[in-house]
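Shown next, in structure tokens, is the structure this report addresses.
All chains are identified by letter, namely A, B and C, in their written order; residue positions are counted from 1 within each chain.
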Amino acid sequence: MAVYLVRRLMQALLVVLAMSMIVFVGVYAIGDPVEILISPDADQLERERAIRALGLDLPLWQQYLVFLTNALQGDLGRSFVFNEPALKLILQRMPATLELAFGAMFLSILIGLPLGLYAGLRPNSPASKTIMAGSILGFSLPTFWVGLMLIMVFAVQLGWLPSTGRGETCSVLGFIGLQPCNAGLQWSWLTGDGLAHMVMPAVNLALFKISLVIRLTRAGVRETMLMDYVKFARAKGLSASRVTFVHVFKNILIPVVTVVGLELGSTIAFSVVTESVFAWPGMGKLIIDSINVLDRPVIVAYLMIIVLMFITINLVVDLTYSLLDPRVRLESKGT
Amino acid sequence: MSQAVMDGAAPAAPRKDKVETPFRRFVSEFAESKIALGGLIVFTIIALVAIFAPWLAPQNPYDLAQLDIMDGRMEPGTVGGAGFTYWLGTDDQGRDMLSGIMYGLRISLSVGAGSALIACMVGATLGLLAAYAGGRTDTVIMRLVDLQLSFPSILVALMILAFLGKGVMNVVIALVIVEWAYYARTVRGTALVERRREYIEAAQCLALPTHRILFRHLLPNCLPPLIVVATMQVARAIALEATLSFLGLGVPITEPSLGLLIANGYEYMLSGKYWISFYPGIALLVTIVSINLVGDQLRDVLNPRLKK
Amino acid sequence: MKTWIRRRSIAASAVAVAGVALAGSQALAQTATIAVGAPVTSLDPHYHQLSPNNAVADTIFDKLVNTDAQSRNVPGLATEWRAVEPTVWEFRLRPNVRFHNGNAFTAEDVAFTLQRLPNVPNSPSSFAVYSRPITRVEIVDPLTIRLHTAQPYPLMPLDMTNVRILDKETAENATTEDFNALRAAAGTGPYRAVAHRNGDRIEFERWDGYWGDRAPFQRVNYRMITNDAARTAALLAGDVDLIDQVPTSDLARLRSDNRVRISETVGLRLIFLGLDFQRAANENSPFITDNDGRPLGRNPLRDVRVRRALSMAIDRRAIVDRVMEGAAVPANQFLPQGVFGFVADLPAPAYDPDGAKRLLAEAGYPNGFRIQLNGPNDRYINDARIVQAIGQMWTRIGVRTAVEAQPWTTFVGRAGRQDYSAFLIGWGSNPDGSHPLRNIMATFNSERGWGASNRGRYSNPQVDDLLAQSLTELDEAKRERQVVDAMRIAMQDVGVVPLHIQTNIWASRRNFEHTARNDELTRAQDLRPAAR
């Protein structure tokens, strides 16, 4: 087990290294940050000064080496735009994105799992058909469009919810030793105003996941119900609820856990659209802004954090797999 | 071995009724669901409209010479300067929305289907390989998957745009790069379980060639989740293309897909010019829903485990 | 959620009541919320030369020379200024001014600020340009300061409208981070910053010790909502009281909405087309071919008749009415009427497709040619739409036009490398004709620092000469004649194809009033409760 974990960590490091290299080359290929950041009326002298100030006068490989050397000391560089450590900027924005992503995941399981279970157990009832039709709608609609519709209806027409932005936040002590967050992490779901602001973005982000969970659950239930052991369990005279919740449920959890796990990462990484429609000050909005001005240190730092997060999630999913399905053995991936 | 007999792709057992071929059986099972059949019919119509758009549309919306901004943002049913009626109104450039939607369907469908197909082939092959071969192959492929999934699609798109320039093909490439990993991971997950089953062991004992085991035995049994994912990914590809266009990274503005039409009209939603965004939205919705209805039923029919 | 609405409407009616009861002294006015479309990246006023940052800096800090809503110079921290010698500018400073931390404002603070400008670490676009002409700073007494230059320098007061004055004691060793964390952000402006969340919001509180008119609100929330539709929606939902960069597509609706008040003024930003002057008359331009797609063997854009034809083929009125929905004025020069250097006898070119065809035939292109027009799709108002509309118009005179719009990040680099034949771009001028001349119309020259944004590489010695004269001319009337003459020559030569000057538009809730500025800055002090 320890060997397995060490091996995975080594691989993770390799991935992070490869990724940072790709981003360096990629950003270099897209354009010149100075062209974008510099004031239009700066003269040539000022342009040269800016290029030197940002360290962009060095050859690309040297810039990368500088970055690596600093990264090994825990410094992922300073944002070109904000002149603050990139890591600090991202960590400041992280709670906003995390609470949105977890809110969306929570909603998707809360709504998706029971609906999917019902649709799977009674596939031919009208309610099930409605659920399935709804789930199709759920991932047919483009997120940005739904977002605007939500704002139009619930904020502009009905005035029930605030249109955009994040509400009041409430500070909870940051991780110990995490200097950049010494002011404490700001969470908005702990306040009423914060929750009101969170409802629409979370629903918007969750819509796709709800449909996904419904469909996965239903597919799983329908397959499992036909399995010999379920038939046997029923034949044994076990109660319907016991069959459903012990035998069926345990088996459908595998694909659901996989996908939900995977989707948590992608929810965090891809909350870009929801965050920009709802002006939600999270990491996704930061990264899209940073891409627009080619703020390379932030882009690199963001991606490294996301990669680490994904690797962790994948590891957890794999571990959960082996717990839920003894037929999958971790050792099988070793030698 | 009992599993292998149920394998949908394996030759069907001889039957008394010689008219009953596997294909016919498939068709009749598919047609059991009237909704799915309806979806198929709608989708066929949409596909036909998309294919024959140049002959059906009153205007070539991609030819700037045929557009006139003086006809911009006209309400549905207005007769424009060119002499024909804009049944669904016009967008900001004076583009006939009906023609725009027909041509947009072409692009959205080819982008969605094309990218999903390629991504599925690439992803499924790699996923199977990873699960079956295990060891180093598995590690390398799955680390690639991790790497891939850690890139936000927006960034991948922007990089590809920078390298290759904007265009339909480039959007397809971006979508494939974004999505293959989902297929790979899904297939691997299922295949890891399947490869431990008796029928694979049996096939191995019979010394069948690897590719045969992979594609004739393992793949069909991994199909159900693959189809679930593929169904969603076609829809997702089309929606993602729309989102990329929304963020200004998708297809060229002069050749709008449905997504770009919606994105264009999105700015006019608040000012009451609903048709610029609404009708392409409906077209997109109907298209995706019909694809999904067909996919749903396909999954039920193709799934060997659902057969009694 | 219900309580939330109620609270908003109570706040709104409180403001309204306050407006009625205390029309004269608006002492009780509460809080205002402003939503801006472009993110503020730093509270350090010398870190990044960027409009959103400047707007916030102008709320917190003052300059020696402030500007009014039409960008005319008005006394700021200096009460008067003049060139006491050709190379010496003297500024008399305002007495009894205090910084937000209570420190008194003196000439030492000005000297310190000027010395800091070129020394802000990691600045991606510094304010060093404004201190570079100054060879020596002489403090005559605590309220008099003299700036020495090597040559006569007429632009000194204009330059000083860009320099926000810091408190020496607070900012002496302060970093950009110290400003962002508000530790160093003490200015003399009408509001002081009390909270700051990077890229999300800034909160201001009235500075009661302000030397000028008392700010109307106790508190101002300054939020960044970059999505256009979301910003409009926030205004309509009553979440914010003022928005800037009102999308033109929402303009008609907002004008007819009686809960909303629009404030607007013609701005200083010209949208224009740059043309390829880099390739000689007998070379191929990268995106121009003959009608069969073969190389042309020459660069038609070097022929002034072709340039004129391309300009005449554009129906500017149609673009302004249909694409910009009225939020622009057609133009044939960089500045609007009333600004220093405006050329009175240069009206917007008339739309004349037949004349354009004739000119093309004269120049030897009776059947036109093919061209690609490039442009950004996320930079200027309706940029991609304008590019397409021009594509339509050029195609109609026989110049078959392909159109490509892409994100600014990829576009601007290529435009700067002269990769394009024709491209759409914009320019926000300082309120002085020498500014666009020097940066766009002057010959590209690194030593002089001219033509840094001359991406088409237009070059005309006559324009350069007149500009050179004007830059050392202290007689304002003479200087204006030189600037006007240079601009007229460059525009008659169609060095660029001007399209329109944008109108800057804000929208507020009915019970607020906002003064529109032509420099596009959204400042908290320009918003006040509506008079009843």
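As a working rule, contacts are C-beta pairs under 8 Å (C-beta built on N, C-alpha and C of every residue); 3 or more make two chains touch, one makes a residue touch a chain.
The chain list, named the UniProt way, goes like this: A, B = ABC transporter permease; C = ABC transporter substrate-binding protein.
Quick caveat: nothing in here was measured; it's all calculated off a predicted structure.
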Message: Tell me which has more C-beta contacts between its two chains, B-C or A-B.
response: A-B
Statement: Reported most central chain by Cα centroids is A
Field: Mean-CA-position distance for chain C and chain A (Å)
entry: 37
Task: Would you kindly tell me how far, in whole Å, the mean C-alpha position of chain C lies from that of chain B?
output: 45
- line: chain A and chain B have mean C-alpha positions lying a whole-number Å distance apart equal to 23
- line: So chain A residues touching two or more other chains come to 30-31, 148, 152, 156, 291
- line: Touching at least 2 other chains, the residues of chain C are 229, 233, 236, 378, 407, 409-410
Message: Two-or-more-chain contact residues of chain B, please, as numbers and ranges.
response: 158, 162, 266, 269-270
Query: Which bits of chain B are touching chain A when the two form their complex?
result: 35, 134-135, 138-139, 142-143, 146-147, 149-155, 158-159, 162-163, 182, 185-186, 189, 192-193, 196, 224-225, 228, 232, 235-236, 239, 242-243, 246-247, 259, 262-263, 266, 269-270, 277, 281, 284-285, 288-289, 292-293, 296, 299-300, 303, 305-306, 308
Query: Which part of chain A faces chain C closely enough to touch in the complex?
result: 30-47, 49-50, 53-54, 78, 80-84, 89, 92, 148, 151-152, 155-156, 159-166, 192-193, 196, 276-279, 281, 285-286, 289, 291-294
Message: Show me the residue ranges of chain C that touch chain B in the complex, using the header's touch definition.
response: 228-229, 232-233, 236, 247, 249-253, 318-319, 322-323, 377-378, 384-385, 387-389, 391-392, 395-396, 400-407, 409-410
Field: Touch list for chain C against partner chain A, complex
entry: 1, 3-5, 39, 41-42, 44, 47-50, 121-126, 128-129, 175-177, 180, 197-201, 223-227, 229-231, 233-234, 236-239, 378, 407-410, 412-413, 416, 427-428, 430, 435, 439, 446, 449-450, 452-453
- line: Interface with chain B, chain A side, in the complex: residues 11-12, 14-15, 18-19, 26, 29-31, 129, 132, 136-137, 139-145, 148, 152, 156, 212, 215-216, 219, 222-223, 226-227, 254-255, 258, 262, 265-266, 269-270, 272-273, 284, 287-288, 291, 299, 303, 306-307, 310-311, 314, 321, 325, 327-328, 332-333, 335
